[in-house]
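Take this structure, written in structure tokens, and hold onto it; I'll ask about it next.
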């Protein structure tokens, strides 16, 4: 029988010697060019990190290629970032340029540092999950192709964190991203009364609904859904397989803006609804790509230096965000859930546009 | 849906081997099915205590009990639980007890 | 050469950003599961709908978590992904790898699975995408042989993660990597054998920049911070100014508490008003260093929207010193989990339980004092509960 | 001379602020009700508890509101306040009085009641404090004779009120007095004969200073505002500066949108960014005048905390021109009341109903378009409802 | 039979001629001294308003005295303000000084203008209501005696609006005041099972409870209260007379701060809890008076010019408010109702004190 | 509590004259009590329609109906309502119908 509970490999065995020597004693850093970080330790030693983009969904061969590069330039040391980029870790300054050259020749985008758009945190989509309202890897690839330039340069007012989740479970950082792409269903689950009794726990299913749209039908050991109260979140499907709600004609994507995670300057905050619905249009989701690009560009040309997307919008006001981006404001933008009234404008302090 | 044969009877189960017609459950089903969940030989009294507990709870409340509750009510700890059902309470115990496949735990 | 026609997916090979389709095709060259995955994904692109069935419970002996079961709803067309489970492999803390370790992982996966992975999942695991039920146990055996273990899934502690912290960053106020690793090793049991009401996530960031998004995505967030004055190297400040940084506009004016003053020569900070937002330090890493007393703020309750709306974690301990063996921290985690475990309903996250029962009940249960740092502002509604000991008993 | 001993209340005759006890004693000199009220209040001060029974339903013929019934729980001790009902008298809009009218009110009240009043109640009525059941109808008859009518109570339209506005204030963007009076006269029926699910309050302020607290205390708030640039008299600005006003610090720096610039000689305002907060105008009333296009913002839903927490009214119409006969406004009020009346539960205020059913349902029902000015920020939760017409019907 | 629905007297018949002539044509105003407003019209005409404090609970004789003064100096024209002060309206500048002299001699406080503390908006208390947890007029009188000076001068950073309500119904401006004094009960209602069936609507009583603490007991036609869930709001008593909750030993006062109504600078906002409980100590409520005075004085000495109480606190932080005032922070300050988590600190952006 | 005598029977009422023992209500009570609510002479069919409606509603739902509902269900408008019960639906009609004193409307 296999050993259990051995835990992950000890990270200390994975650290390049320059890190081991200067662990916890870093003094400052610089970003001499997009994708290259130089950290200087108290000791004066320097660590060069070269950041390359990744599709995240990678084959073992691709990983082996990365390993080969790391062995060639980095004594076999590398890491991944919390946003799924690859970081090659070098002690030797002289190897940086050749590494960059090889990465370029092999088609690795180098960047994602400083005031850039880094990799898109995303999820499974049609590749592996059972509840997606859209694909994940596809829209991300289509989008990154289009905004590639923002990855490899640092010309934005501040960094822009984009995330995608394929359903309301939001496996990813969607609820607190500068720009978030969120798959949504728009039709109510179809209850399969023959299966519910055998595969679902009725009380759990009833309890799963945020709006109380589900009622238990004890006689028939099934449930009924009040269509009027259902907003297609899919949580009932998560607990009850006999209530599927995917609908090719009506599933699609919503766009959210202005969230952030860091405590820099302003407090962390949630993303807010910008566009309630865009159609699923595989393979390249042109409507989604255009919409995100438009928001980025309006932000790029209007925000002040160091302002995150949300900070910019808070300063100029949401009226202005909608008028500048040309995105229509609808009743769907107005919160009607739980804490709704908190978001209503309870003052006369608004702008005309 | 796959059909399995156990002790001479056939049962409809899902891909994970969970019973699809819960009323077909019987003690023979549980015993015959045990080896598939890495339990060797006869189900012991301790196994039955847990299986019966799970069934009663499910019948009464319509849901599977939370693990902590199982441990408390049956006087077992986690270690014991995994000793009895090496594939775990959700996969092993619930399956043999003929409960709907748990969804609360993925 | 992949045998399936994938006209839609082919269009995603174009463009400068690295293509996952290229990786899938690469894997499909030698792996029939990968090939069928490609085929099924193409079908999804055509149909605009996923083709995976609901759920799946599979696993390895002795564990109740770590594998996500998955079955195709078109096994007729794609028999090789009829079962296509993913293994969540606990990453080395900080996602540091030596290539030999990484290659070992690839070898195991080529032997047992589709040859496709996510590096990494958004909780942090190395996700091995797709294997059959039969292969799960042998794959696990080979993984442990190679030095890896599974991560969390289900109603368990999930794979903790940490920012790069002291590994590379000058701003780490706590040893995010060591804390994360220590917790991971201490709580192996809670990770592999689900026993909570629902999932529980822990993330550790070295400073308020929160590069591992703990505040948004962890039930229990540890974020490094400091006490004491920000140390200023005035010479370096001048150097930044000389190099073109507009200190008044870019630094002082953006300081959220407006506690900085710059007269063109000297920078002054009223540290009593500073809320340690990192902005000035972020901009002048050479010139400014955090105060000398290091520790962390503990925040809890963060989560995605299901069920009652997303929550950002909130402060429960403004400052905690964190030195190995982190007893105070681990003690707190245990007290919190015990309470949650006792009172939480099925599928109720920690933050939701506190919302339901009230912070006052939580604080009393885990023995933490109420402090103003816990709130943006005190309550606005007058629905205050008093404790029995507050009330005068009738003597008449 | 009052016959009762009131050692506790006597202590409230001391001090510089005018004493209500003095007034009570004054009334008690000639009025036995006032005297017993004094006695009962003294008892409350001793017992630390009120001595009025719950509720009371009394009224005048043809009306369902306007009188608050009240009975003592110690009629044995205080027989003259056994019944002690208050009459709510609708004040003249803006609380303007000519003394003859005010004296008439006093005369009626000396004839029928305790001789004690509140000038005024916090909804705005002249409150006549305490009379017997028998006196209610005759008192009312005399009041109408004197030119007064009752205000609202119960599940009715409550006495509307308005700031002094054009009567004395340079900032009135709408005729708060006339609007309030017009509404009061138009809806007499709704005020006197309760037919709503609960109370409904309307208040009108001439500008965003909101001197009648409409945003906090009215279900329907009308607050004057303007479009167009703030008109600047640069000479007067300089005069303010000369007189010691620190225009940079006190005006520009406190402008919430930071849309003002002052170079020591000229004041510049970026009016597109101005949110009409009034601050600069408040400080320099001689130098700055609001923009030329006048109207009001309509906000609804404000109320005290019972049941689900207090609400501040929120914007539903950013700008409405308001000229007599105020058809657009009154039309909107009717549409809103109709909808509320149709769907509201008993004791459910307008704001609570909208909270329960959703703004989108409300907007559609009353025919108002959704505009960004309605929200501080768009929703953060993804629980979006779509309308049937948004959804593609299955054709297959 | 009496006339009905005649409505209030037409305000136009109550306006002094100078107002009638310049109605809607005022140009600017000045405050030459506390309590005196001078409004200048486009026409150049001036209106003098002299503001005097009032206990609000006034006798007809007191009103007649006011009338007499107004007849003497104002041709019989006066008004009351939205905060229950009296305003004498004069066209004749020369009469202002004699009026002030007479007011002073008669003990009328003149002030409440500009950066002052104006009259306390308050309610009925033990004088006329059935649900009070404290008196209204008494605490107000005791407080105003003590802070009198802030009424007659204009030396505060901005005006401070104080309100008092004697129960959670909050008849007054308590929920949006700079400083609010709120009567609270602290013990659960005592259900009188013999009366409930005859005097209460069970469904309304159950529905009246914000926390769902009340259950209907259909068999006995009464209700039961879950003590654990009851926070003594008294709303059940409002709809069901058989559930009294007044309790002399435990009723008292809570103090709230930082609310505002005007849109000046910052948006209107709710008052927040400062002190959860102070005892009822008639006739002069010394604990309450001291607590309010302390807050005023800390505000007066720390806020910047034009900052309202809430604006000052928002700038310096609530940590600082509690440390400066010396008010202890408790678990009662942390919201645990409905929108609770909105008020939790979801960032590391706090101060140590 | 006051006791009143109507048509030879005594009733306990509160200060406002609302019946304190709801089961003592009778048609005689209503008729005899009408004049106190400014209704002259015999209660008409229209009065009874409303009184019966109120009683039925109260028995069924345990609460008094909202005014709008009364008007809708009984086909009367506000004017008519006050013609029939000059002291209003809350004070007049509910009192004669023997309902608990309304509290929703002060």
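Note that the chains take the letters A, B, C, D, E and F in the order they are written out, and that residue 1 is the start of every chain.
By our rule, contacts are C-beta pairs under 8 Å (C-beta built on N, C-alpha and C of every residue); 3 or more make two chains touch, one makes a residue touch a chain.
Source: prediction; values computed, not measured.
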Discussion item. On the document's contact criterion, could you list the chains that touch chain B and likewise touch chain C?
Written reply: A
Worksheet, complete the sentence: chain A turns onto chain E (C-alpha superposition, degrees, nearest 5) by 180
Response to the item:
Across the interface between the identical copies chain C and chain D, with over half of residue numbers shared counting as same and under half as different, the residues used are same
Discussion item. Centroid from C-alpha atoms only, then distance chain A to chain C, rounded to Å. What do you get?
Written reply: 13
Worksheet entry | Rounded Å distance between chain C and chain F, as computed from the means of their C-alpha atoms | 65
Worksheet item: Which residues of chain E are in contact with two or more other chains?
Response: 168, 170, 175, 204, 210, 233, 238-239, 241, 249, 263, 268, 270, 337-339, 346-349
Discussion item. Which positions in chain C are in touch with at least two other chains?
Written reply: 53, 55, 61-63, 68, 189, 208, 210, 215, 223, 256, 276-277, 305, 309-310, 312, 346-347, 380-383
Fill in: Interface hub residues of chain B, defined as touching at least two other chains
18, 63, 101, 103-104
Worksheet item: Every touching chain pair, please?
Response: A-B, A-C, A-D, A-E, B-C, C-D, C-E, D-E, D-F, E-F
Fill in: Residue numbers on chain C that touch chain D, as the complex places them
305, 309-310, 380-383
Discussion item. Going by the contact rule set out above, which residues of chain D touch chain E in the complex?
Written reply: 8-9, 11-12, 14-24, 26-27, 34, 37, 41, 44-55, 60-63, 68, 70, 84, 86, 90-103, 105-107, 109-110, 115-120, 122, 124, 129-130, 137, 140-141, 144-145, 147-149, 151, 161, 163-164, 166-170, 172, 175, 177, 181, 184-185, 188-189, 192, 208-213, 215-217, 223, 250, 254-256, 276-279, 282-283, 285-286, 304-310, 312, 345-347
Response to the item:
Within their complex, chain D touches chain F through residues 53, 55-59, 61-65, 68-69, 71, 82-83, 153-156, 189, 193-198, 341-342, 346-347
Worksheet entry | Touching residues (chain side chain A, partner chain C) in the complex | 1-11, 13-15, 19, 23-24, 26-29, 37, 39, 47, 49, 53-64, 66-68, 70-71, 76-82, 84, 107-109, 121-123, 125-132, 135, 137-138, 141-142, 144-146, 148, 151, 168-176, 204, 207-208, 210, 233, 235, 237-239, 241, 244, 246-249, 251, 261-266, 268-270, 280, 282-284, 305-306, 337-339
Item to complete: Spell out the residues on chain F that touch chain D in their complex, using ranges where they run on.
Response: 15-16, 18, 38, 63, 66-68, 71, 78, 81-82, 86-91, 101-106
